[in-house]
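One structure below.
Chain naming follows the written order as A, B, C and D, and within any one chain the residues start at number 1.
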């Protein structure tokens, strides 16, 4: 990991620590909690899409699997939220592993379709397995996290919890990127067959990064479940999978920082646009369109390039 | 109702649903084969077609036939304008960029339709009466026959167009190899424009003919796009006959699934089959493996 | 001399077309062997079969006495076969050095958990990968370009980069697919020097090449292929005087001349 | 290229400046002096204005705006202007939670009306309970007020009442074996649960239980299964477009058995969309849609006629029961504000003890045990005749 990344991490940590002092309003913190939760997913997606070049239109399902495993275990079976979170990671990781092996043999749009279909099937199961999931009505009263005797209840508590995990996940991801494995991932993106002939077990790494991104999404899902304390299937459908891909694309796929910027932008933007009422849908669509047209590498890369150019 | 009657009815239902999906999938195919783009705004063309038709017939009170062609024409123009405004200016965009651009466009179309026509679900009177036709104890709506007829005509026209006209052949050439096509003097950018216009037109046609059965509102496009995309992939991207066949397969599977297994899981059943097909034959039922491998990300 | 690579009754069909039709030959350790033949004779297909880009229809390929038909491409690389490509296949958006470091992949071990923990031995290994790769880059003379994106290199430099990347896998057998294609005469001469230098390290070379000057200069043995079949095998001199070969090549030279006059 | 770069920089800088000037993170909000003095009574409203339930949220939003204008034109509440801050749920639980937190912590509203749908309401309940803000939901599901949550009320009639009224009507018609078909949305699912729970009590046997997705285009498969069963009537519990497609599909299949719909059918547009297939549909509904047929001395007549007249004059569209739910919720809050002033806890207490409040949905009588306030008599059984709603004889 380069010096630049360590510096960026330190700056991020500083900003994270300081922000609540400046904002002090639980609504803003609440928005930032969601930014953090979505960042966890988009960082994983950037590893999968930006670095390895494999598309997924079904990551909302992994987010949902984490949320539901965690929520159901802790609410209906009295499992501690932390254990439930771990269980979510194992369940989601296991399912991701099973789907990854056949799906990642597919390429391009066929992979996109397979992940979409998988996501949709999971969404249907959330709706139909009502004895566990409460069906379309969902279920509530999901317990919150505890640290010893301390109950995490306010937005500030979750803000620090979520963002601590974001930093950890960032650290983990940056370590992977700047390693032998990260190089292998990028070589798969550049030319899968060539990478294979040069000695990279491409199938293995594709599966690994897919499972890893699913695990990140599951972690995010568990945090979501124990934060919002109510689950129904709507946030885990096709629509959200697309939003996630849009976040990654808008921020800049080829960088975990870009993925975070995208998550932040597409989470905060609709909050700004609340003031515009119905028109928000048009403004949101236009901004998305313009960014992709004029900064196709994403905001992060676009801004970096501009800074360099101006110098 | 005897089991036989039920089975026949499920089949009719499947054919009706399948024809709807097949029409949407045809639109996907045209843009995909000319450009390699998966246009996630395809469902919005369908929605626009349906809403436009309802607007022209119910509000402007134009005759059916005039409205039919006018709606298709207007949506075709919208498709072309979208290509000019958002796709044409791009320089060698990545596939994910294109996907997000079409998503953004679909948000805009949806928003536009919401402002233009409101949020209510609208319906359209069927082309030739509402009296169901009885066949051996099962029933089918005359509108379904219209859908099937227009779909057959569309596929036939597409085959003629791609097989026998110069423009059609040029579009196929672009699909096979863009660089080579431009080397022999085909204006690739024009072909892309054409493919968007054509696909919007077909989408609009689909929207118009399904509205009497499925109704329409501004929010309907996304799901139709997802189904259409599934069908196009199952049939093998780029294969028009494949799209029609796969449409019927998915439609019939959904209706049999709803009838005999569980209406809640019917979509899942169809999707599991889709996944299995993809895992066993990664280029779809009627797609060619080589073509799938050439069209990389 | 012991054979490092043995090919027996190798056959490959694409649909109805037979690209390789019952080919037998051996490559001995430390030799430079060339496969020549007119376009479409099946030369590159043989390479693709050896590095398992596609499976053979029938026949066996043995490397160091072990059958390798069934192995995945990356395992073949681990066993000690590497290659370059006819139309270069560098990882364009990665730096020159990173390209070579990918080649080092199959000789190193740190997996994802070690990477996450960023262990001391992982860092040490990363350092070794870096140093070894740099060494390979200086071997081909590209060390000054190490931080450039591979796409910024010239065509010849990209070919050299492929050499370095292939060498980083520490191969015992190196397949060179038309190393001189697309190069000017002095550049092709440079390539010939490289081929010699690679053999000096102790690497066996199997070569496909159209540039007859280069083939005749560097090869110990030459195989001539036509329509998927071996029509002659021997030292460059023997092959040059083989009547079947002359017939095939005269035929091609005429068409080539015809092409030249056209353009 | 350089020029283009500068333009893009310019655009980015401009966007940043705009965002700093307006919106939630704007610099003005960090400077307390620049804030407007808070004299207005702020009430929050969370409706599904866009998204799949926009047909529900839009009349609610329209009603809220109408009431705000009306109240302020009449001099506000005890001299204080009324400010209704409307937020959109987009039909998404996450966005709804954020909206609720914004209303509570940033806008500091005194009470919240909405959300429109059951699922989103369930998602905000823990928030209002913890923040101690009165919430008057416009969603139907029983689970919102059963068990009673101290800060949560609702104005639409209960699902269970709707189911009971449907079953009672069936019994009068001599129907005992029925099929139910429900949409897989929160609303449809809650309805399905109530129908199944209450059937044994009222001696109704459910012989077929089918579902469909909110985006399905054809339900003849499910209906064929029902047709093959012994069902004497069908209950469809869903939202548009499913309600209309089911009616059309039944007609296609030549099914002559009566079709009952839920109280989600409360907009004359749906009957019109269904056309001929809609004739004879029976459904429970508040009296708003049948106001013309009410006797003049009916206690709700005046309220209903006024709301219908004003809404239809202002928005040039047919009034729906959904907007009525918002009307009831807002007027409950306004009445409370008028009596007890800007105090969340007092507002809650006032609403909980409200008796004989005449709303569009019925006559409300709240109590600590009942946060719904309506009885099953709030429903009238309506039927469709010549594309109009009339009271079922």
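Note that in this section a contact is a pair of C-beta atoms (placed from the backbone, for glycine too) under 8 Å apart; a residue touches a chain by one contact, two chains touch by 3 or more.
Every value quoted in this text rests on a predicted model; they were computed, and no experiment measured them.
**Q** Treat touching chains as neighbours and tell me the shortest step distance from chain B to chain C.
**A** Each step joins two touching chains, and the minimum needed here is 2.
**Q** Taking each chain's centre as the mean of its C-alpha atoms, which one lies nearest the mean of all protein C-alpha atoms here?
**A** A
**Q** Compared with chain A, which chain's mean CA position is the farthest off?
**A** It is C whose centre lies farthest from that of chain A.
**Q** Report the inter-chain centroid distance for chain A and chain C in whole angstrom, where each centroid is the mean of the CA atoms.
**A** The separation of the two C-alpha centroids amounts to 42 Å.
**Q** Distance-wise, how many Å sit between the C-alpha centres of chain A and chain B, to the nearest whole number?
**A** Measuring from centre to centre gives 31 Å for this pair.
**Q** Counting in whole Å, what is the centre-to-centre distance of chain B and chain D, each centre being its mean C-alpha position?
**A** 34
**Q** When you check chain D against every other chain, which residues touch at least two of them?
**A** Residues 50, 184.
**Q** For chain A, what residues touch not just one other chain but two or more?
**A** 127-128, 278, 281
**Q** Touching at least two other chains at once: which residues of chain C meet that condition?
**A** In chain C, no residue touches two or more other chains.
**Q** Give the pairs of chains that touch; include all such pairs.
**A** Once each pair is checked, the touching ones are A-B, A-C, A-D, B-D.
**Q** Which of the residues in chain C end up touching chain A in this complex?
**A** 51, 53, 72-74, 76-78, 82-83, 85, 89, 91-94, 98, 101-103, 105-108, 110-112, 114-118, 122, 125-126, 129, 165-166, 169
**Q** Using the touch definition from the top, list the residues of chain A that touch chain C in their complex.
**A** 1, 172, 175-176, 179-184, 186-187, 190-191, 193-203, 208, 212
**Q** Along chain A, where are the residues that touch chain D in the complex?
**A** Result: residues 22, 25-28, 30-31, 34, 127-128, 130, 135-138, 140-141, 153, 155, 224, 228-230, 232, 234-235, 268, 270-272, 274-275, 277-278, 280-281, 294-295, 302-303, 306, 309-310 of chain A touch chain D.
**Q** Can you list the chain D residues touching chain B in their complex?
**A** Against chain B, chain D makes touches at 50-52, 54-55, 58, 184, 210-213, 215, 217-218, 220-222, 224-225, 227-228, 240-241, 244-245, 248, 251-254, 269-270, 273-277.
**Q** How about chain D: which of its residues touch chain A in the complex?
**A** For chain D paired with chain A, touching residues are 2, 5, 8-9, 12, 19, 22-25, 30, 49-50, 86-88, 90-95, 97-99, 101-102, 104-106, 118-119, 122-123, 125-126, 130, 141, 143, 184-186, 188-190, 193.
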